[in-house]
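Below, each structure is written out as structure tokens.
Each of the next two complexes has chain A plus one other chain: chain B in the first, chain C in the second.
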Partner chain A sequence: MNIVVAIKHIPSIADDLPVKGNNVDFDSVDFVLNEWDEHSIEQAVLIKEAVGGTVTVVGVDLIGELDNALHLALAKGADKVVKITADDPAADSHQQAKWLAEAIKGMGADMVFAGVQASNDIDGQIGPMIAAYLDMPYIGGTSAIEVSGNTATVSKEFPGGVGMKYSVTLPFVAGVQSAPKPPRYAPVSKVRQMAQTATIEKVAPTGEASAGLAFKKMAPPVATGHAEMIEGSPKEVAAKIVELLKSKGLA
Partner chain B sequence: MLTTIEKILFILLALVSAGFTVHGFKTIIDTIRMGRPAPELKNIPASLLKAGVTVLFQQTIFKARKVLSAIHMGLFFGLITYAFVNLVDALEGLVPNFDLIYSGKHLSPPAWTVPLINAYNLISDVMSGFLLIAITVFLVRRFIVKDKALAYRENVLLNPKVKAGGQAKDSLIVGVFVIMHVSAHLMSQAYRLTEGADPFMPIASFLNSIFGASQTGVHVAWWISIGWVMFIIPYLSRSKHTHFFMAPINLGLAKQNPRGQLDPAIPLKVIDGRKYDPGAKVITDLAWTRIMDAYACVQCNRCQDVCPANFYGRPLSPSALEVNKRYLLKEATFGSHPDLLLAPLTETVISPEAVWSCTTCYACVRVCPVGNEPMADIVDIRRRMLIDGFEIDSGVQNALQSLATNGNWMGKGKRLRGRWAKEMEFPVKNATEEPVEVLWFVGDTASFDERVIPNTKMVARIFHQAGLDFGILYQNESNAGNDVRRVGEEGLFEQLVEQNMAAFGKAQFKQIVTTDPHSFNTLKNEYPQFGGKFEVKHYTVTLLKLFEEGKLTVKNKLSHYKVTFHDPCYLGRYNGGFTAPRKLLELLGVEFHEMPRNCENSFCCGAGGGQIWMGKVAPGERPAENRIKEALTTFERHPNEKKQLFIVTCPKDMVMYSDAVKTTGNEGKIEVRDIIQLVAEAVGVEEVSQIVG
Partner chain C sequence: MSNDVFVITEHLDGKFSDVSFEMVGKAKELAKALGGQAVAVVVGGGVEANVFASDSTIQVDDAALSQFNPEAYGKVIEALVKEKAPRVVLFGWTVTGMDVAAWLSARLGVPCAAYAKDVRVEGGGVVVSCQAYGGKLTAEVAPEGETAIVACLAGSFPAEAGQGATAAEKIASPVDLSGLKMKFIEMVKPAGGDVDITAQTKLVSVGRGIGGKENIELAEELAAKLGAAVSASRPVVDAGWLPRTRQVGKSGLKVKPKLYLMLGISGAPEHLEGMKSAELIIAINTDKKAPIFNVAHYGATADLFEVAEAMLELL
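Here is the complex of A and B:
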């Protein structure tokens, strides 16, 4: 089983997000691994542990700091890591999907996983576009993937507690919503050991995205709404809430 | 006294007994040697001698349970006396006409020895009585009163043989031995008294007045007395009473490094080029000193009494850990299960849930009379669980991941660490940019937690007012790693140490002061091993000094407050920082009352060792809630109208106890305050918002 996981390095929102011009100020922000990618790595490693195979993690190195995320992936059980040396922090998901697809093309993947979305652009396009470029079927929003022979059973969860299972023939691309188990913890000593011993394969970015989004303006959100504290006894408060709901046409 | 046949029989039995005894103790020593190298012990003869003196005066048991400890003392002295008594008894049997009754007159001894013989007779006679009383009390306590302190919680993992009453069986056998042996000895003396009472042998004389003298009686009683000894000595090496021999030795070989310095995850000393994985999976992964712990432990359960996790109803008992270790070793070495040596500790000795319940408060190690370190075993087990990829609590995992990426456990960006300082009405120096006298290591909770930041700012204001030349590291500070290390993430701890050492390298300072006892502990006790040679002070010490130097003066005495003080584990029990906070409170003029559990015996708030990160909260009364009740009970003994305050000197305590006051419904009755809030009020520094308006 040859599983490829496409990952994304995105600006951290642990800090206040600095804005410069019409984009994030990439010089004063840390980059971190996309949260959903942690799930797709976990999903890939779980399959490998169940049926054997190799897990290759590939990502676009936007600011020259992707190594740590790749070492982390190795510590969690990936076998091989590849970085696309783009050095373009503003590359959007459309462009990244093209570069990733070009890099994945020759890998002979049975399955390609990508996080279903990333918190920086939330357009959820990496997976579907890789699928389109590779001419493979795509299934998004997965909550568990199990493989048996040439077929995968893919679980998805829908609102209202409805679950659905799909049978998918390999090869395919999946947008991983979550792994069936929380992503495992990689002890720092293991990550550091990987940093010392592992080799990261480097690939030059090739191909232009056919379409994409252009930024017009980026600014910190302006607070518009406000909270109103309703004072009084529980009865009075309840009466006021009912009145308010009626006035908004909600009751 | 003995006939020739009896003598031959005695010698044969003695040889068999000695054989079993030697085999028993050799097995124990070989087992202990299977452990990993322990941190180097210095001057072992001196520490063994010191431990001998400690044991002789029974000092360590009196840390808790004073009355029972006194009875233990009686038992101890009784058994020591009986070592001599048995020697004399053996001589009586083997040497014709040897006995010491009636001042030893059958031996026609030199005059100067007569008082010694009388003293021996009196001591052995009276001690026999003490022994019988002491052992009866212990047997009654275990089998009739069924003291709960000797039992384990239902949810604690126990070796099946322990669960089936293995320890009680040991107690019964040894209890019956002591009663039979001592009674038989007394009878053997009583039967010798052919000429009536010996004033130096009151008990034997009393028995003689009932049973009279009898040569056959002497023989029978002698054989019962000595026969038991020959059975019991080898038995001791295979029961929990290895305690008799191993406790003093274990105490002499106990941890010498500072309490706040954990043993390394991999031994520093390597034997025969062996490779070690970090931490402990199986029993032989423990340091040899901690394998020995199991043989020294007699399951008095003093550790369980003081364990906050056990109080909370969690499945942790430090004593159960030790007894499970011993049973595992016993079955592996004396029994037929050598495979147990390869059994995971988390399946045989302590449950994973118990491993993750420990707050690393050190109360168990502190109270242990024999110098055991169950807490160190738990940390070693955590270390290996992390490496082996055991699923860990999601809250702990999130905290560790944030620590690895952001250097703090709160998921906040590095650059936000100094935000509170930028909001101050005066500039707070960046110690990496300009030299300062005092480098203030702020810590995560005090830097990021909105509930604690007002106190952090107050510390800055007080330092500023006192003219202290201080600075902070801003985004260069990382979590000091104290709790990271105690959670078992040794690699992350090392990474944090490196980050902080790099930050210290950039800064110029003479001394570090910290508001966080946890940071204080690791900076003081563990950073030196990584090259961090600096003076570290807790802010209570710094504040006290500022008062003593007249840089701060009390303008308003705070006599309108009635306060109690909670010793944080990592300031108090770990580092002995008991006096500075109390002196400060005295200076401030508050009415101060000590809680029953104070100083060394302080009760953990339940947050340490990574517990504060846990996503899951177990049901039951939490340690912090119990502590608030303890404070209120203390105050009830001194009723008046004053405002009641619970004073803390640790940011985590501020969070834990403020919560506990709310969850116990005691808002309005007691308020949690950091000592800095009292200092501010006393010296006349107020919240700036109140001044500016």
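Here is the complex of A and C:
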């Protein structure tokens, strides 16, 4: 089984997000691995453990800082890592999906996984676009994928805990919402070891595509309302909340 | 090209989701401004589709389409959009819309604006306001070209304007549905047995800020004192700290309690979808810029552990 996982580095939303011109000021934010990619790596490694195969993790290096994320992927069980050396922080999802599809084309993938979304998307998600460019079917929001022979059984989440099961003939692209188990933890020592020993294969970006969205403006949301803020020490805050709840008959 | 506005409606178990009506209402407004028609598109066999206030409704009626199938739905919608060339195609940014909107965008080479909170016509062009970075920023974008795909967040427009009784025109599938690589097998409903959070009048809801499974007990204690149940954001459930039945949000449950006390939840759009109509929302978060403070009625920039411990002493 040959599984390719696309991972993504995104600005950390734990930080303040400074805006420069029409976009985030990429020079002054921290980049982190997209949360859902942890799940797609885990899902791929679980399948490899069940039926054998290879997990290749590929990312577009937009700001020259992807190596850490790739070493982490290796420490979590990936066999091979590839980076597309784009060095273009402003590349939109369509362009990135095109580069990824072109790089993945030659890999003989049985399955391609992407995180179901990233918090910085705006022109849609990368997964379905990779599928369109590779001419493979796409299914997103997956919570479990099992493979037997040439067929995968895929559970897709619907609201309210409802799930739908599909059978899918390989190859296909999946947008992983969650792995059936919480993603495994990779010890720092193992990540460090990978950083010293692993080789990252480099691929030049090929192909062109564009989101076709003209950015007019980017700013913190115009708040239609704001919470009435309760000030004071934690004890004072607690007292005021309890008082509020009592006044409304809720405590 | 036409100036029509297509709405890709969504249904589950024969029932249309609210976002379908919300988009039809919005489509009427956009179609009027563009000089076209608002067209509701129903992909699905055996669904009662005469429920929209659209100018017209097209129903692709085929038994193979009775349950959502991303491959089949994608092909059908692609064929319809190619044939009718609408000016705007509205999808819900939902578990089903997300499977098709961006795929279609890449297939047709037309732009897609996702996470849409608002869509309007300005100077003859379409302008979309999108949420980004978990609701921390808003981007205004203008899709270029003749067709624009816009994927709308649920709860962004009023649903009433889209409710009506326009008679659906039933058509056969415009594409061959044999030989699909993806087949629907079954629907799995959640197992009962746990607390039903949708039936509670008070919820203490915990987010990733709770830090670990060992801290859930604190929330349980506080909930017990308040006569509330404990609910959670998705990461808490994904980490296995609470069961799936406690999850509030887009892929969880929609709740409308009298009290929703939030401990360490940032207020991502996917979470808000599930709780924003709660009667009293109080949020405790250490990040003074957390988006939840734009939605909560009361908030405090404070450590949830310190506040919860102090509340326990007072209750």
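Here is the rule we use: the second predicted complex is superposed on the first by the 218 of 251 C-alpha atoms of A that agree within 3 Å, B and C clash if a C-alpha of one lies under 4 Å from a C-alpha of the other, contacts with A are read in each partner's own complex, and residues count from 1 in each chain.
The working rule: contacts are C-beta pairs under 8 Å (C-beta built on N, C-alpha and C of every residue); 3 or more make two chains touch, one makes a residue touch a chain.
What you see is a predicted model; the values in this text were computed from it and never measured.
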{"item": "If touched residues of chain A are counted for chain B and for chain C, the larger one", "value": "C"}
{"item": "Which of chain B and chain C A:L213 touches, first, second, both or neither", "value": "second"}
{"item": "First (chain B), second (chain C), both or neither touched by A:T197", "value": "neither"}
{"item": "Chain B versus chain C as contact partner of A:S155, first or second or both or neither", "value": "second"}
{"item": "Touched partner set for A:V32, first chain B, second chain C, both or neither", "value": "first"}
{"item": "First, second, both or neither for A:P182, with chain B first and chain C second", "value": "both"}
{"item": "Which superposed partner A:S247 touches (first chain B, second chain C, both, neither)", "value": "neither"}
{"item": "Contact residues common to both interfaces of chain A (with chain B and with chain C)", "value": "14, 16, 182"}
{"item": "Residues of chain B defined as touching chain A within the complex", "value": "278, 386-387, 389, 391-392, 394, 397, 400-402, 404-406, 411-416, 489-492, 494-495"}
{"item": "Footprint of chain C on chain A - complex, ascending", "value": "11, 13-14, 16-17, 19, 24, 35, 39, 93-94, 97, 116-117, 119-129, 131-133, 137-141, 153, 155-169, 172, 175, 177-178, 182, 209, 211-231, 234-235, 237-239, 241-242, 244-245, 248, 250-251"}
{"item": "Parts of chain A lying in touch with chain B, wherever the complex brings them together", "value": "12, 14-16, 28, 30, 32, 181-182, 184-185, 187-192"}
{"item": "Partner chain A, residues of chain C touching it in the complex", "value": "12, 67-71, 74, 95, 98-107, 109-115, 127, 130-145, 149, 151, 180-190, 202, 225-226, 235, 238-240, 244-245, 247, 250-254, 258-259, 261, 266, 268, 280-284, 287, 289, 291-303, 306-311, 313-315"}
